[in-house]
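Structure incoming, see below.
Every chain is named by a letter (A, B, C and D) in the order it is written, and numbering of its residues begins at 1.
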């Protein structure tokens, strides 16, 4: 019994020490990075983490920090892309006194987090948390599920689709479009938006296929490619990501389909390298943040990044916007109090390093920014992807895309 | 429609033959040792990764030979130093062991090769469309996959029916307890069979890697399907495994090719439905959507109604 | 239980019949006394006290969060062990009952919030249990026909099916976003609305205690005893009047009920259920917890749930290789300690009873340093190897045990290698002495009794 | 009065081989009946057929006048037939006490109940202890059954078989592999515990057979070639020709 008690005491002590060690270094402003750092999606998570650390270092810390010398510290917390683990990590962040949470991979996780943070802030008014979502694009997060604590720095799926369908609508050669995606909320949202917007912009376009395949379970995409080829599609739209994107893209091209493939996530993280020559001029991506041609500032930033992480790319420029805008908001509020910082973020305008503006729309906390349709190519590429010589070149830019897009968001605002 | 059918037949054949390469090894192992090897698909993954690493140094072709041999060796070692140790605790313990092994191999692969998809591609020599039909390409590499699989099938058949070793194995499959009575070195035979079975899986990985992608999840995606194949075919039956492999290969490709949905069926029956109903997901369900779970439905049905499988002789 | 005990056995007839009371009566009394629930009361009491004071010891929010997760895992792993440990059924799809119980609990929670249903929160896990049971009955009716491989395969098939359905049927499962609810909307219980984590902790602790108690009691009922008998020898059970299928079915349903209860607890704690709660990963995870803890003991899954929850929540924050360590731990357990961590402790029982633990303590004491050196060496090698594999320029630093090591230099590698090799060699050399000490501590004890 | 056990034209084939080739036998209630025959005659197969382990290819089996041909083992057991096995068949990881208690549960009406605790049922535990006393394993009651010595396991096997109080007891070579003194003990045990019940046994040891049995059936190649009292069987010329000569050899290789 004594043994157990002593062990328990030692464990408690160890725990207390660990926690207090965290509290002592309270000087820096901590930002919890909750994303997958182990498991199948760790590559994406790590790539995001590196961007965040680099952004905090170059955009904030090297410039002397905020509020007279307080530095940004990114605290990586592995959520194994599981909502449950994310909530545990959220608790961990909160008990570490962290007020800012960033997350991006998987709208499912984002939904769980925004929900939990809203509940937490309601139940613990003296220990509130802001959720800076840098990548989860489910439109619901800034519509029916919006709340005051959530800010999205990426363009949402509908805004991107708006830009994407504009591009298709302009191309009069396209008469037949095939839509294919992963069978889950995001895949369905993309498909629904595509059908709706194409119907409005080009009623003459025929949707020759609208298909959902199981997410992460398809071994061989050839049967789908066969169908797409057989349908005579002149353009393909897909929201696929990860292995599903690679598999689908390769199968379509190999089957001999000679049509542009419009994607959300058809580049970087090994995808560009895998497509290589095969995808030249075929794969198109809709995204924020212009990579090619780069602004001089971005070129310099990218060079610095590549020097440190040669195997990674700055593939999510919005991460830099997130960090910079948070720093500005803290300065503007003159405090780290999440409520005041949130009010400072609302309506903020920021000139990005990649060129163009970002405006945090107050009504739904959706960042409004330029959206680009860019093509996979190796011509005129300054900033390439995966060190492959291939990269994304802007073909079309929609300035401040979705500025007037409607939102169903009705958020409750706390007293400042 | 004709092109869809032709290409679906071909694609299904490729998938089916690939499944057979995996399930033949698994069936051999199961027949002789009574072990359902959960980690079988992990050896398939190892094959792809070994071949990838070899290909970065000396190209695709040496890997085709060397990688399966390495995987076979790994399999034999696993049998000798792992499975044999667990054997005395019974089949459930063995199943748990191979489950743990599958988990561990995935972690080990991630440790050495990382988590991202590897750029393991088909050799230049085979990167051309073999023929084009109705404007649709059939890649030469797919034909190569069929060729290798059929070669393995013929080779396996020859070994089993014409050689002494084959006769021993056949005897062991039909009468598992007789081998030791014949005076053969049973542990050695077990190790050999496990090694050969793993090597077959490794070979499947070598040729499937470029086509289906080489990533840490590749074993998980295929693992349970191979189980389905050998249970549906009938545990311990090689012909059954062959039939079930092709059956599942075609089942999956045609399910994707045919855009039938429940709502079509309801239309035919003249029933209309409310698109806001709680069961709306059921009514809009289409065949391509459920394609990947069809094998599991088949598995559960077979286990309930015909536990011996299509061509099996024993129940477990 | 040792070999000596068996060997020394004389094929004795019945014992001496001195005294008025026949020997059999004494044995029957003895069995009843030792099996009496009364005798386990101190353990339950101690468990109660520990559960009550834990939040005082670990009062940080993370501490409470982790303990809540442990509580859920404990109920889930115990329910799994009703299948594997007690009934001999290896399931690869147990998350089905956990997840479905949880999903329906969240839906009920929402009905309470929006449709005015009346249900105090502490009753929700029981509702979850009923739903788990409701799914276990139809599935168990065909899957329990056989044990062993066939059962394992059916559970795998059903698990895959339900997991796939969870993505297809969005209206019920909410797609990949899952379904969320709010636990605070029910009627207050004893003035608590379960706003804070600690209140939830006490709710979970209470349910854990109740569920564990009932699972323990189940194992002492005729149905529970026959589940053990069928596990040991299903044929023999048939010849003493029991249908093996029905015996398994009863255990399976009970197990489904408690898994559903764990799902209900999950719903309360996280207020969200997603696809991952019923997929194969969760099913595999519960197998790991039960097996590493030890399926042959009632407390085994509890130990496993605690250890693995700690590994998942604490270790994962220190190394991205944590799953590799878990994999190694699992495979080593299957190979060398099939009775799990609990079994490792339990095998010292005979030595403890005869007071010979001292012999072992000395032997173990000698092995501690080499063992630590070996483990440290292996961990260092793995962690440094991992950093070296990642090839980030300027980031050749591995952070292990609070040390920062530069993997681009040779020295740390040599040290790690030396630690692993030296420790390993010393352990191999020490092994005979350890075995000998163990034999002396337990073997002689057996002969003496 | 109906016979305890009736077999009418019972046949069993495995593939093309017919192992049991038409058995007609009637065993009256209360009789101790032994089935003897050379190895491979089908004795154990016949046991498996009667007790429901194997399905029958043809014929009927009646237990106390009720047809049990198509029933499962546990159903037949519930109707009052209990059997032991030639190869020890116990619950190895349960304690000796529990082995016997499991044998009692169904017959004492506990079924699959999960609202009663086995340790609080006095009658159940006392009955189990009494049986252990009878089979001489009372002092070993806490050991796992798997670690018992061979002879003890054989005794436990009988204990489990008789525990349920079945009317018809079937013992498959209860003394196989035992020493002479052990055999004597077991014979006494069998005599004691089958008092007032019907016993059907397969046995190789002729001493045991002639000592215990009221009547004997001789099974050769799946057919009964003679049935009668020990004296009748001993005197039967057909039996001597077909079987007794082979017994010594059979015994020699039995173990």
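As a working rule, contacts are C-beta pairs under 8 Å (C-beta built on N, C-alpha and C of every residue); 3 or more make two chains touch, one makes a residue touch a chain.
Just so it is clear, the structure is predicted and the values come from calculations on it, not from any experiment.
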Furthest chain, CA centroid comparison against subunit B: D
Distance between the centres, which are taken as Cα means, of subunit D and subunit B, whole angstrom: 48
Centroid distance [mean C-alpha coordinates] between subunit C and subunit A, Å: 37
Centre distance in Å when subunit B and subunit C are each reduced to the mean of their C-alpha atoms: 32
CA centroid of subunit A to CA centroid of subunit D, Å: 73
Shared-contact residues (touching 2 or more other chains) in subunit D: none
Residues within subunit A bordering two or more other chains: 39, 42, 183, 214, 217
Touching two or more other chains - residues of subunit B: 114, 289, 292-293
Complete list of chain pairs which touch one another: A-B, A-C, B-C, C-D
Residues of subunit B touching subunit C in the complex: 36, 82, 85-86, 89, 91-93, 95-97, 99-101, 103-104, 106-108, 110-112, 114, 224, 227-228, 231, 235, 278-282, 285, 289-290, 292-293, 296-297, 299-300, 303-304, 307, 315-316
Subunit B residues within the subunit A interface of the complex: 3-4, 7-8, 11, 14-15, 114-117, 119, 129, 132, 134-137, 139, 142, 211-213, 215-217, 221-222, 225, 252-253, 256-257, 259, 288-289, 291-293
Residue ranges of subunit C in contact with subunit A within the complex: 57-58, 60-66, 69, 164, 167-168, 170, 175-178, 180, 182, 184, 195-197, 266, 270-272, 274-277, 312-313, 316-317, 320-323, 391-395
Complex contacts: residues of subunit A adjacent to subunit C: 8, 12, 15, 19, 37-39, 42, 50, 77-78, 80, 82-85, 87-88, 91-92, 94-96, 106-108, 111-112, 115-116, 119, 123, 138, 140, 183-186, 188, 214-215, 217, 307-311
Subunit C residues within the subunit D interface of the complex: 1, 5-6, 9, 11-15, 22-25, 27-28, 31-32, 34-37, 217-218, 220-226, 228-229, 231-233, 235-244, 246-247, 250, 254
